[in-house]
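Before anything else, here is the set of structures, which you'll find just below.
The two complexes that follow have chain A in common; it is paired with chain B in the first and with chain C in the second.
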Partner chain A sequence: MASRLAWGLAVVFAASAPFWMSGYHLYQGAQVLIYAIALLGLNLLTGYNGQLSLGHGAFFAIGGYGASILIVKLGLPYYVAIPLASAVCFVAGFLFGFPALRFGGLYLALATFALAVATPQLLAFKRLDFLTGGSEGLHVPKPGPLLGLPLSVDQSVYWLCLAVAIALFAIAANLLRGRVGRALVAIRDHPIAAESMGVDAALYKTICFGISAFYAGVAGGLDAIAVGFVSPESFGLALSLAFLVGIVIGGLASLGGVIFGALFIEFVPNYADQLTVYFGENAKALPGAVYGVMMIAMMAVAPMGIAGLFRSLAQRLRKA
Partner chain B sequence: MTTRRTFLSGAAAGFAAGLLPARAADMPGVTDKEIKIGQTMPYSGPASAYGVIGKTETAYFKMINEQGGINGRMINLISLDDAYSPPKTVEQTRRLIEQEQVAFLFNPLGTPPCLATREYLNQKGVPQLFVATGAATFSDPEHFKWTVGFQPNYQTEAGIFGKHILATKPNAKIAVLYQNDGFGKDYLIGLRAGLGADKAGMLIKEASYETSEPTVDSQVASLQGSGADVFVIAATPKFAAQAIRKSFDLGWDAARYVTDVSISIASVLKAAGFDKAKGLITANYGKDASDPRWKDDPGFKQYKDFVDKQMSAKDLVDSNVIYGYDAAICLVHVLKQCGADLSRENILRQATSLKDFDLPMLLPGIKINTSSSNYSPIRQMQLQSFNGASWELFGDVLQG
Partner chain C sequence: MPPGEMANGLAPGARPDALLSVEGVSVRFGGVIALDDVSFRVARGQICGLIGPNGAGKTTLFNCISRLYQPSAGDIRYEGRPLSKVRVHEIAELGVARTFQNLALFSTMTVRENVAVGAHACARGGFLANAFSSPQARRAEREIAAVADALIEECRLQHVADRYVGELPFGVKKRVELARALAISPKLLLLDEPAAGLNHEEVDALASEIVRMRDRRGLSVLLVEHHMNLVMRISDQVVALDFGRVIADGTPSAVRAHPDVIRAYLGSAA
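Moving on to the complex of A and B:
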């Protein structure tokens, strides 16, 4: 009950934001929602199904570039372009799921890591210039007002991201509640036991990879229209690593956790940059170090992620 | 057009919500005591080596403030980390404009970050002054009147090579090795422009490489096979070193030109081998702080004095520190020229009407010039050749 109340309050709070937030804060809010969608996809794969991916930035990039190319080169509206690009991501993820079946644990991490390393260079590949704009990237026009309402661009983009996020969260929650969710977790915890119970591990794992990539693709597509620009530098290795940081800090195998994870990867680097002011002028070049210290502190305080921290606090309250 | 109009109305709504004080409407970011300036800089991420530029500029403005500021106003540079990631650059730029309400952006770094924010800044009418990138696309007053470049762009340099080749070897056969990205392609464009349309046929062979390739040896061999007698190397340091070495080892007797991106004696020429690098030609616009010839040069002394007092000793020979120092001085000059009118329009007007302005660490004879149709402040360079130990300037200052 309490968790339903918390979700309800969070949705009301998030939905009301455009009435009282400035355009800049709405842009940040949209980024948080976009990261939350991508983290949700990664958490389905890594948190629930136990397949470690260091390359989700690549699927995010396919979604972003796919949507941008469809919008810029083919003139499609974003509400057609983003689903199409995300479908491509699903297929790409599903196909990548097959070799992933043969890799376990760290080997899969390395294979997906290679994907993340290769992505920026593939995006700058010369023969694809006519599509991708090469190293100069693509400018994506801002979408018109949502549903023809008298809204600013920031309000429209924010509400669009929120609506998509709510829908995708509901789908994920639904999926996890039933037999699919049980199968995914069973494969993670006891693959042999799961198979002997009649779970088709290969099918579930590849589909899980596909769905996970689909989520990342939706997030990438939304990001392209929110930022209005894609370039190879937008999808570097750091992005894939940030996603992993997000699900671990937020809490593995937790739906609510990805929201905390998204807040962390959006805001903490900014705070790290600002905090350097207090360490003297020479620290101006050290936001990475400050960010690292904050991350370590976070893991010391909440080793099970922020969602885990809340869970154990709730348990203690109940006992007391 | 709908999108632009909705964008503007959105901006207006943001304004109303942002509690903007009405009196600052004509001179945003400016009070009687302060001029607030914004900047995005990669303090973290893959390009963090450039972060020292922002540090240098911050230190220089601090020094100016200690000396009383500009016409009694202190310079407050808000320099934010964007990790060289365009989505972050957009976010930080919006924060600077909408939250901090800075007067303008100064020397934001990187081609992709500056491309991602250029449209937004031009729509808002905020100057994006002296962008820290060599891409030629940023000197385009016709389409982006609020965006002004700074250093010579790659096309300028390649154009100077083209003219020098025409003057010294009118019947040359030219081969080019270039990196497959905006930098390499700008180089080809500039070289063709320098040769002129009717002489573009002198360029007989081009070969490109990807930064992921381990070596460029095979490209160099095929370029030599074309029978060219001029070899232009538009490559980043590691690949330039390979090309210099390989062309020597192959016994290719060509006049070799190398981009100023890859002229570091310590990291490029040493790796290639000093004897193998002998005779290389390049163009440059700044003084090399490690060159003893500038020991008594007034500009260099002024620079050294600044580094001694405000930075650390190891920064002296860092070309990024020199860059930030010159850029900061150029901005201070622009702001002084503005006088009491620090509106965005006037700041842009002053930045684009510089006449023969001299910076301490530019080579003697190289001056800064801008106009409403020329948004490339530094567009002169001087050729230099490598004598086996150091670079030697020769000839006149050339314009690309």
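Moving on to the complex of A and C:
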């Protein structure tokens, strides 16, 4: 009940943002929503199903580049291009899920890490220049006004991201509530017992990988039209690691945590960057250090993530 | 029944309508022979006790039946059909349920959710149906909830139904495992030391519970237990293992009096 109220308030708050925010702030708001979608996908995989991925930036890149190529080279509208690119991500994730069945734990981390490392190189690959634009990247036209309403580009992009995020959160919540969600968590908690109870673990794990990649792909596609540009450097290891930071800081296996995680990875590195302004050029390493300290502080204060912190606060309130 | 089966050395008194027949099963782990040419049968509706000192191979046999281990030789038939090609998750659908000697619960889930996972195979509805909360998925969910509720009551778990399993005492966890196994609606129930850690009265209660479950559901039970009293009192048939070999197979009183069984137990007690 309380959580429904919280979600309702969050949606109203988020939907009203374009009325009192504009320009760069609204753009940041869209980024938070985009990250939230990607984190949601990663949390389904890692938080709920227990499969560690250090390479979700790769699926984000496939979504981003896929949508951009379809828009720029084939002239498709974004509302066709993004779903198509995301479907490709689903297939890619599903297929990656098969070798993932054989690598447990740290080996899977390493395999996905390799994916993250290889992505920028593949995107800059010379032979594919005609599609990807090579190291230059691709410029993507911004979408027109949403539903033909008299909106600015920023408002259109923001509301589009919000609508997609709400739909994808609802789908994830449905999935997790019932038989499928229980099976995913059972596999994480005790794979042998789950299989002995009739859960086809291989099927669930590969489909979960596909869905997770699909979410990352949608986020990547939205990111491409929100930024208006894709280039290899934006999809490096740092992005994949930011996603992992986001789900851990926000709270593993928590839908609400994904929002906090998205806020964290959007704003904290930015604030850390701004510190350089005060300390001048000598403080080049400072943002990284501040970001690191913030992460350690978060883990000390909220070892179960921000969502975990709220849960235990709520429990204490109920007991008091 | 396939022809020629009577010829391969059935235990005397084994009935032809066996639900489970273990035929010459051997398992080795490196140099250790955990099971050595084990054969016996479990008839429908019967309780079969499986006894033997620690390390005799009882859990290994369970793991073969639930397809976690692949025997290096021999065959296990269930309802007359060989299990060698059946995948682990298909075992539940066939109606074989088990509990684990060292609890294998889903520790971050509630008691109710754990039991509901047991009903997983009884319902349909995949990712798409669940994602869009289709009528079919909602109906399946209601059915699963009803099964879970009934078993929670039957296994006296109402007071902890919404607690996380990880925080419950050992004895309660064992009951949750039992309820989860029953949610499969099994025809064959494998219980691996269900009385471990229980006191006298609890063991008595468990004994009548197992008999009642069998009577009500008509299921067969394969019961691994160290509590000789419990096994001898409720079993229709007892199979004794020692060092991976069947040393006795028959009625409780016959097995109890068997010289090899007495020797195995005296030996292990020494």
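Keep in mind that, in the parts below, the second predicted complex is superposed on the first by the 310 of 320 C-alpha atoms of A that agree within 3 Å, B and C clash if a C-alpha of one lies under 4 Å from a C-alpha of the other, contacts with A are read in each partner's own complex, and residues count from 1 in each chain.
The working rule: contacts are C-beta pairs under 8 Å (C-beta built on N, C-alpha and C of every residue); 3 or more make two chains touch, one makes a residue touch a chain.
Predicted model, so just to flag it, every value in this text is computed and none were measured.
In the superposed model, A:Leu252 lies in contact with neither chain B nor chain C.
When both complexes are overlaid on chain A, the residue A:Ala213 reaches neither chain B nor chain C. In the superposition on chain A, A:Ala30 makes contact with neither chain B nor chain C.
If you count the residues of chain A touched by chain B and by chain C, you find the higher number for B. Common to the chain B and chain C contact sets on chain A is no residue at all.
Across the complex, chain C meets chain A through its residues 66, 68, 87-93, 98, 100, 104-109, 113, 116-118, 120-121, 123, 125-127, 130-133, 137, 140-141, 144, 180, 184. Chain A meets chain B in the complex at residues 20-24, 27-28, 31, 121, 124-126, 134-137, 139, 141-145, 151-155, 223, 226-234, 236, 238-239, 269-270, 273, 276, 281-282, 284-288, 291.
Within the complex, the chain B residues that touch chain A are 2-3, 6-7, 9-11, 13-14, 17-18, 43-46, 48, 51-52, 54-55, 58-59, 79-81, 83-88, 90-92, 94-95, 98-99, 110-113, 115-116, 119-120, 137, 180-182, 185, 208, 210-212, 312. Put simply, chain A touches chain C in their complex at residues 171, 174-175, 177-183, 185-186, 188-190, 192-201, 207, 211, 253.
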